[in-house]
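One chain, chain A, links the two complexes that follow: it is found with chain B in the first and with chain C in the second.
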Partner chain A sequence: MDPTRYILKMENIVKEYSGNRVLKGVNLSVHPGEIHALMGENGAGKSTLMNILFGMPVIHGTGGFEGSIEVDGQKVTIDTPLKAMELGIGMVHQEFMLIPGFTVTENIKVGREISHPTLLSRLAGRSMELLDFDMMARDARKALKTIGLKVDENSLVKGMPVGYMQFIEIAREIDKTGIQLLVFDEPTAVLTESEAARLLDAMRTIASQGIAIIFITHRLDEVMEVADSMTILRDGEFVARKEIAGSSVVEIAELMIGRKVEKLVDDTLEDNRIIKEDDLAVRLRNFQVAMPGEAVKGVDLEIRKGEIFGIGGLAGQGKLGIPNGIMGLYPAEGEVQIFGETLNLKRLGEALNHRVAFVSEDRRGVGLLLEESIEQNIVFSAMQVNNKFLKKYGWFRLYDAKQAHDWSEEMVKRLDIRCTGIKQAAGRLSGGNQQKVCLARALTLGPDVLFVSEPTRGIDIGAKKLVLEYLVKLNREEGMTVIIVSSELVELRSISDRIAIISDGKLACILKPDDSDAEYGLAMSGAYKKKGGGEHA
Partner chain B sequence: MTKNKITSFLFENKVVVLFVFLCIGGTIASGQSMNFVVSELLTRIARNSFLVLALIIPVLAGLGLNFGIVIGAMAAQIAIFFTTHWGFTGVGGFLLTALLSTPLAVFFGYLVGKLFNNMKGAEMIGGLVLGYFTDGLYQLFFLFILGGVIPIDNPKLMISTGVGVKNTIDLKDTIKYSLDTVPMLTIIEFGFYIAVAVMVISAVVKLAKKQEVNWKRTAVSLVGLVVVYALTFLPAVEQFLSSDRLRLLNAVELACFGTLIWQAVKFALCKARKTDWPRNRAIAACIVAVVVYALTYVPAIYNVMVYVQLPVLTYLCIAALCFFNTALMKTRLGQNMRTVGQSRVVANAAGINVDRTRIIAMIFSTVLASWGQLIFLQNVGTFSTYGAHTQVGQFAIASLVVGGASVQKATNKQAIIGVILFHTLFIVAPLAGKELFGNAMIGEYFRVFVSYGVIAMSLAMHAWKKVVKPKLEANAAAGASPAGEAAQ
Partner chain C sequence: MRDNVKGVVRQVGLPRIIIGGFFLLLLFTASGFGMDLMQIVSDIIRRWGMYGVLALAMVPAVQCGIGLNFGISMGIVGGLLGGLIVIEWKIAEMPSLVAIHPLFAMWVAILIAIVIGVVLSTGIGWLYGLLLNRVKGSEMTVTTYVGFSIIAFMNIAWTVLPFKSGELIFPNAGEGLRNTISLASSYSGVMNNTFKFSIKLPFGAIEIPTGLLLFFFLMCLLVWLFMRSKTGAAMSAAGANPMFAQASGINVNRMRLIGTTLSTVIAAVGILVYAQGFGFMQLYNGPMMMGFTSVAAVLIGGASATRAKISHVLIGTFLYQGIMALGLPVINLFIPEGNLSEVMRLIISNGIIIYALAQTGGESRD
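Let's look at the complex of A and B:
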């Protein structure tokens, strides 16, 4: 490897989305034949950087970017994906770009079929050329051989194991002539361990042929195993470029998370809670949820009565699956106990009947009736579940408008919901106020256990603080058990008593808010269990 | 194992199986002679197959069942009106009409494709409504613009006021049967000239582009063509070929002998080139040919075969379209269409111009539909100005679906099977209704119910699959990974 030659050099990349700086002077440089890991939390700017590299329309439709890109020492402008392809840059996508109904050959050669001219094509152009399936199959065989996958190139992709599909995807990129740089976007996320190990082998084989690889992943252990060097991003900033050889796992984990824990919440409330270790609010045993993209694969968890319990982890690892599964929004298996009573997971509304309330992360989809008034939004769950706000007239019950009105007014005041009145449509409110309405509805149910999922997603700092403080207040004053699920470690660490980190659908460990950044980094990158496990807090 | 296979085969082809039973039952109940049913059926196959085959390309390109072929039919009808008005007759008139309708259909197909690109995922409902909408424009054109804006002096075609076209146009003296009755002799003669022309052009193009020309191969093909052409000058052959329709018996005999000769030639070629000879397939083909030939000696079948006459050129056109559909899918364009049909995202990522590919598919379909409508009208012989196109979409789509096609998948075979089954039911249902219930309308109701029902079922199953699939996949994904890890 020539240390002075770079196949790719991106320098001082700055990107703004409508005034919001998502990349603040990022550098990325890769040698030929090197496996270079690109690391960072969700929202660190990895995808934006890759979108720039591939000249995606999302970049150029929003005002382009600053900074320079050099490919093999030549300054280039990449303004379309096609240009990137011509420069020999390829991408192995996280979600497979394969066509199930096509054969392996057809998938590898899609858009780049080999054809020979006919009389008609001489008159009507290239599109009427006949395909040469023999030549295509030969190329496909060659590409498959390079990465060491033994599969009949004439069989359909439909029904193949996920691992094979990943390899076929790679074979397609390899088959492109003049490929110099391959980007792997979290390739191991969907693979089993043995498949992942084979993939890493294949990556080494590819790199040994002089093709550089950018390896985007959250898994530190894989990086340590396969990569030569790495670039770490954090909040759109360039943190470091390091050679793997001279660095330790702990060091890297610290660099990824590395930020001071700022207290988001003022600790003015008295804490006179008595939390007993054996007095459980929620108990999960081998809990599994089939939530697409957030699958939970067997979690055991004990949440004590009266505590604020945080659930963290990177996107797609399954943390969101836990509350959604308990509430019955996605098919779930395993055992769930609420205050010692086992839930029947097959029955919708079972959790609600056990005085569990949920504020969904999908405010506009699941959380709110966007066209309905604030009042309706606040009272309708309680009306359905607890028969509140209903007046009885003989056999029937009618809506008790006055009671609903009074209660809604009170909630608006208590939560400081900024609106023109309780008749305003919920869809018209700002994100923070919508979140408060969701919270108000959950509280109207009078729950003992409250699940709050991504409570601060997409809301401004002021509203964020208010929501978090209110959760603390509920916990301290009313003794409500609050479980907060969030991608933002800072907010979890500022209010929770204990924090569970979910990685790959399983519990990585339970940490205290004041544990070190390195420990959080390791837990979230799935390297924790390999280091010998941690002491449970 | 075999039992399972049979069950799954029946399940996968449940629609076809159901209709086979309906057709057999209906035919028996109708109490009609086979002569009548078969001759009627073969007429209808000739009439309708082309339209149904025109639906295949959009299905493969992911546009679903193209209800927009109505618009192709309208293009054909506009062309027919003008050629009738100008007084062109015979096969020349027919070809001129086809020539005239093509640019119209290309233009309409382009517009429809543009529209469909703006409503991806809702092409079918869009096409259906578009059919109704364009019917309004069509009526405006025929009722007001013809005569009202464009002066047309033709009392035979126009309403007595001179504005607007009459309800029916009789094609008896113009292009009725113009395609059906072209004698085989003429077809072979023209075929010969065209083949020679193609060879010459091919050689010229290759020379102009300074590519190598395989002179030996060209010479051999040329000699072969001349020999075939010379054969037609033998008096016996000439007399046989000069009749304008082909008796079904002769067609079957020709097909059987043709198969045997073809297999023999293939055998000789394989031996000469020392390539593999597909023994089992060849023997199976020969046995089928012999058995079919033997069957023609069964008196009941013989009677039918002697009675029924086939329009040769029409069937050749249908065969040519089948060939075209297959050949197109082996070209770069066809592969692009299939890719777009399977996944627009993947196609886009692979650098295929999705919108353009879809528009081309729509243009193909619309042009083919317009030719199909011409074939239909020349066979029917009268042209109902305001009604001929209205049912085209529904009937063609019902036929295709009855043949076992779905919104995402359709083949030539399904189209032909579908036409046979659907139109058998078309013929026998009213008669069966009359025999069984003393009222032809009941059978007619049943047929209408079935033909629309099967479209509705196909669309509902398509929608259902779309809803169920992602759910199953999510479950499978969630269930698969723990199992995979446990296995280690």
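Let's look at the complex of A and C:
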């Protein structure tokens, strides 16, 4: 490794999406043969930075970016992915881009086939040349050997273990001639522990041949194990570039989370709640949910009556699976108790019947009937679950338009939903107002336990504050147990009494809002297990 | 001004404006050629009531999420069976009923036919619904072919079903049911003739089939009430957004079953309403394209594959049948040779189906 030479140097990168600055002067520099970790929470700007590096259309279609990129000392403009490829920059994708019905060799060589001319090709051009399978197989074997995967290069990719597919992706990248820099986008997220260990070995092997690696990951322990240096981003800002040797896990974790001073909620409400440790609202035992991308793999959790309980963690770690599983939206297993009563998870609407309400993170997909009126959206669940807003005509129960109208008007006023009237279609509202409609529907159910999932995703700061303050008000004044699931730590820490961090589908630990940033960083990066992962608050 | 026009176009819908304009154009042409406009208007009103209930069958189907139900022939078959059984039993000719009033006997006959049809089509619809729950995402293709298949299957069944009445089976010791069965001795025109009256105008008279229209509106009212019930609301939600419905504790598959069954049942009633107005029951390939006619009607009315309301049925059936009733005589004026009305019908109904399906874009609902 030559410390004076940089294979890649991105300086002062600034990127705006329609006035919203997502990258605010970020630097990234990598030496040849170095494994460089790129770290940051969701939304820190990692993907945008990589999109710039690869000249993705999403960047140039939205006004380009500011700043400079140097590859191997030469200033370059990368405006298409093809250009990035020519410069020897490759990427190993998180979702595998392999063709299942092709063999390993074909997958490795696809688009770069070796062929030799035939009589026909002399007449009809290169597309008529014959493939040289022997040569291709030789190349494939060589690439596979480099990364240490023992697999028959003539077997089909279909049906191979996930770990193998990841390796084949890597083999394809390093088979490209002149590859100088490889980006690994969360490569271990889908792998088992032993596969991940092998992958890290392979990364070392690749780096030792002089190819630089940018390693995007959330897992601090992996970074400590394999990386030489790292760049930390936070909210689109460049925080630090550090050498791994000489820094501690705690220090890095602290840098990742950072102390954010903004206070989201004015805490003016009196707190005369009495929360008892053994008076439980929700109790989970070995709770598992098969939610794609957010699988929960066995969580034990005890949520006390009357508290505001936060559930945090990075995207894809399973925190969203918990409320979705309890509400029966995805198949779940294990034991769920609400105020001591066990739910029958096989029965639809079981949680609703135990006075549990849910505001989904997927407003447009799950939360709303977009084409129906605000009124319909607000009263619908209560009508179905509690038989509210129905008037009896003999044996027939019909929609009680007046009652529904009055109630909706009141909710619109109470939550300050900005609309042209309660007959407006919910799909026409802004994100924040849609969220308030979802909240209104949940409250109409008159719940004792309220799950709110990503309540402030995609809504402006004013609405955010109102929503959070309203949740606090419900908790303080009506004694509602509120469970807030969010990717935004600031938000969790500003209103929760306790916060559970979910990592890899399991409970990492339960923290207090005023615990140190380092503790949060460690818990979220999956490094907590190493420290014993004890219960906290 | 321009925005206003655009707003109106969006609100009313381009196809409705085009079809409505075409309808008016035909009306002017017809009067220009000195046709008996009042008779044509009477015809349109009569057709409106006759076809309306069949088009109404689309509402629960679309609302519960299976999309446009091209397979209403499933229900039609049930209704036809009901009608046949009533003729076989000679209910309309029972002396004790005729003694009260001949029209009363006919009403008893058609109501019994409806009850039998409803019972049969409930069972058929339920099975049909079970099938549709297994083919989520491609319901409309499946309903089309299920509709065709049941017709083919019944083509065999009509020849072997053990009906004995001379009015039903082929004459001269033939076997199997006739192609076209006259309802003259059973319930022909029973609804049309109930409380029928004419509005006399200086240039002709408009005939109002009161009983037919009342029955049609009653069916619309029943469906409208159902849509406002708890189950109806749950069904609409299950169709509009299955995940949303599930989050409110609604069994989406069950709602689809209910919607499909209801659609099938309404179709069974619809074919009997149609048959009594027409005066004949058509078996074999007769009901083959009924699904397309009904689909085209609600689509013209402003429905889509994901949303249909009673008003769409009322407006759509009127416009569609209006064009059918007007189109034939007007076009025959221009091109006297050949039977162009069938060609017209095909062009309009299939054209409007293509337009509407292209508009919805065939997006998946799951």
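Going forward, the second predicted complex is superposed on the first by the 534 of 537 C-alpha atoms of A that agree within 3 Å, B and C clash if a C-alpha of one lies under 4 Å from a C-alpha of the other, contacts with A are read in each partner's own complex, and residues count from 1 in each chain.
Heads up, the rule we're going with is that a contact is a pair of C-beta atoms (placed from the backbone, for glycine too) under 8 Å apart; a residue touches a chain by one contact, two chains touch by 3 or more.
For clarity, every value in this text was computed on a predicted model and none was experimentally measured.
When the shared chain is aligned, chain C comes close enough to touch A:L390, but chain B does not.
When the two structures are aligned on the shared chain, A:G505 is found in touch with chain B, with no touch to chain C. In the superposed pair of complexes, A:L348 makes contact with chain C only, with no contact to chain B. The wider contact with chain A, measured as residues touched, comes from B rather than the other of chain B and chain C. When the shared chain is aligned, chain B comes close enough to touch A:E106, but chain C does not. In the superposition on chain A, no contact is made by A:A442 with either chain B or chain C. When the two complexes are laid over each other on chain A, chain A has no residue in contact with both chain B and chain C. Against chain B, the residues of chain A that register as touching in their complex are 81-82, 85, 93, 97-102, 106, 110-113, 115, 119, 121-123, 126-131, 162, 190, 192-195, 288-292, 295, 297-298, 331, 505. Of all the residues in chain B, the ones that touch chain A in their complex are 198, 201-202, 205, 209, 330-333, 335-336, 338-339, 342-343, 345-347, 349-352, 470, 473-475, 477-482, 484-485, 488. The touching residues of chain A, counted against chain C in their complex, run 327-329, 348-350, 352-353, 358, 360, 362, 365-372, 376, 380-381, 383-385, 387, 390, 396-399.
Residues of chain C touching chain A in their complex: 225, 228-230, 233-234, 237, 240-241, 243-244, 246-251, 307.
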